[in-house]
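This is the structure, below, for whatever I ask next.
As written, the chains take the letters A, B and C, and residue 1 is the first residue of each chain.
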Amino acid sequence: MTLTFRNVHVTYPGSDRLALRGVSAEIAAGQRVALVGRNGSGKSTLMLVANGILRPQQGELLLDGRSVRYDRRSLAELRRQVGVVFQNPDDQLFSASVYQDISLGPLNLGLSQAEARARVLQAAELCGLGELLERPTHALSGGEKVRVALAGVLAMSPRFLFADELINGLDPWMRRQVLHILERLSASGCAVILATHDWGLAREWADYAIWMDAGRVFRQGKPQTVLSGPECPD
Amino acid sequence: MRQIDSYAHSNKLSRLHPAYKAGCSLLALTLCLALDHPTVSLLITALMLALTVGWAGLPWRFVLRLLGAEGGFLLTGVLGIAISVRLSFDQAGGLGPVQIGVTAESVQQALHVFLRALGGAAALNFLALTTPAADLLELLRSLRAPATLIEIMGLTYRFIFALFDSLERMTMAQEVRLGFADWRNSLRSAALIGTNLFVEAFRRSRALETALQARAWTGSLRVLPREYEHLFRR
Amino acid sequence: MKSRVVSLKLGAALLLLLAAQPAMARSPEMHIMEGFLPPEWAILWLAVAVPFWVVGFLQIQRMVREKPESRLMLGLAAAFAFVLSALKLPSVTGSCSHPTGTGLGAILFGPFVMSILGTIVLLFQALLVAHGGLTTLGANAVSMAIFGPLVAWIIWKGLRGRLAEGWVVFLAAALANLATYVLTSAQLAVAHPDPVGGIAASFAKFGAIFAVTQVPLAISEGILTVLIFRALRQNAAAELQALGVQRAQS
């Protein structure tokens, strides 16, 4: 299974500045991709495109080689396969309890209550949230919120997981725990695309790197080659 | 606020179906108002305190302190009833001497209202301290309240805490810059905080929309129901 | 006939009343507390509120049908109103209170949607901070979520374009605050008429307090709302537009 960006140009609604100007990249199942680049270089925009929230003005997005049409059915299919965890977990959790929040995605996919319940428990177990299921979302710590936001997406069993700065601001223990979750995910065949400013992590963890600059892909390929050279910040 | 909410989530009855607790509380409120007798009011106050401490297992210190604070409010409140005023008018229709004082009747009436309201406060406290607000919304939903309203209320509940955090942060940031040093500054700081809060609330609603779309949102905020305990086998 | 009635001159009476200042079951933001109203009054005020809720609900229903995501905005708006009422608002007299936010809400959402949002806020205030109550929800809604916003809305609609926008916003917010207070006082006065002087006397009790303490607070809320509104015009014009608050006619 692959997700392909082909010459994607995109502007945000109500603005005519191109946020992405001709991005091409292909991501395959089970890959671990580090997405790096300055703030404003287009990393977050790329995630919105991957999930079908932004529609390219030019170029196209392909899921398994088939061009994504932006009707209801194919958007639903795209969102079943491609999950996004956004930067601020507080903007993604809206339910009163952890259990309920994680159940939103599976129910949106039209699963039965029993199936949804099984998905919730599975995702919660993967993210180490077994103890917290009954907790109100507003009483969670920052690290817990991150994991709940992650579980909410994983409960939809995506084949591609985009995570925006997921580990920023986490303490080293929590960071290791989250990385461990991502590890298990990619072992199960899910592609993980992590936007990060941590170049050390990107080199060490990823097996593919995409360096974005000013709405374009500056370089992509093996992390050792892409993330080295005089242009590197470190 | 957080204290009441956190007790509601962590007392011995928090997993009990909200219908029992709401039933108890509303019954007590109704009795208090309908019978409207000081002895009944006192009995209900005692009973609701006993239920809150004995049944739900809340610390009696906290429960008494809360009721005490409300009693204090009420006391200043019924002072207005206890103090009696008689207006008199002279021949020309202007306001003559005003008679002011306490009468046995007015004091009795004040005491009467005080006890009734205290009973009401104890009954309401029982509900607020034992039942998570989200469970009450679930209860309303099962009573066929319109889903749209319940969803809006659920979001309100969820974001009261997030915005409250922001309020505290902003207030602190103003205070360290002497923003509340005098009346002018205070007003300006208050306006600044109010404005920022508004902008933040709006930004959050947008971000939430994006996050919901990414989770294949279909237009309603359906989540799995919570599983409650029951008093009797069903 | 009565045990001890003292005759006093008006000035002295006022002073004495001020000593009983926070008078009548008002928690800091004017709520009538649980159990304070006899059942017949509780039911009456509830009945007064219902038609407004129905219209407000139908309007919200329509908004949500057209744009499903507007429920997010409405939920956030109610949360904003709740938190705004916790904001410290200084009064010219040096005391401190909290804004009611009813004026701002009415300008942004109109009186009917505001009647629903305001009632949601009142419900959570009763449950989360023990201000107000369930049996007094109707009465509180009528004064804080309906009457105040209605006054603000009428002023806003009626004076816009005839007066500088700042003044209109000021009057709308300040008078909404006062209207809320006056109605709360009236609600208490009719429910608890003075045993000696009757309803008129109990209303006078609050009237006296009102003149001295509430007017400055209303002025503060008016100024605050003007400052917020002006800042929103400058920094959040797009958001205001999305809420349907059009540019001022020049």
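Convention: a residue touches a chain if its C-beta (ideal position, glycine included) is under 8 Å from a C-beta of that chain, and two chains touch if they have at least 3 such contacts.
The shown structure was predicted, so the numbers you read here are calculated from the model rather than taken from an experiment.
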- [ ] Give the label of the chain whose average Cα location is farthest from that of chain B.
- [x] A
Task: Identifier of the chain whose CA centre is least distant from the whole-structure CA centre - done: B
Open item on the list: What's the distance between the Cα centroids of chain B and chain C, rounded to whole Å?
Closed with: 17
Open item on the list: Please tell me the distance, in whole Å, between the geometric centres of chain A and chain C computed from their C-alpha atoms.
Closed with: 45
Task: For chain A paired with chain B, centre-to-centre distance based on mean C-alpha positions, whole Å - done: 40
Task: For chain C, residues that touch 2 or more chains besides their own - done: 72
TODO: Find every residue in chain A that makes contact with two or more other chains and list them.
DONE: 94
- [ ] Mind pulling the residue numbers of chain B that touch at least two other chains?
- [x] 5, 133, 154-155, 157-158, 160, 162, 204, 208, 212, 217, 221
Open item on the list: Taking the touch rule as given, give the residues of chain C at its contact with chain B in the complex, in rising order.
Closed with: 2-10, 13, 16-17, 20-27, 33-36, 38-39, 42, 57, 60-61, 64, 68-69, 71-80, 82-84, 86-90, 92, 94, 99, 116, 120-121, 123-124, 126-130, 133-135, 188, 192, 194-197, 200-202, 204-206, 220, 223-224, 227-228, 231-232, 235-236, 239, 242
Open item on the list: Show me the residue ranges of chain B that touch chain C in the complex, using the header's touch definition.
Closed with: 1, 4-5, 26, 29, 32-34, 36, 66, 69-70, 73-74, 76-81, 83-87, 95, 97-106, 109, 113, 116-121, 123-125, 127-128, 133, 136, 146, 148-149, 151-160, 162-164, 166-167, 171, 180, 183, 186-188, 190-195, 197-199, 201-202, 204-205, 208-209, 212, 217, 219-221
TODO: Using the touch rule from the top, collect the residues of chain A that touch chain B in their complex.
DONE: 48, 51, 53, 75-76, 79-80, 83-84, 86, 88, 90-97, 99-101, 103-105, 107-109, 113, 116-117, 120, 134-139, 152-153, 156
Open item on the list: Quick check: in the complex, which residue numbers of chain B touch chain A?
Closed with: 5-6, 9, 15, 132-134, 137, 154-155, 157-158, 160-162, 204, 207-208, 210-218, 221-224, 226
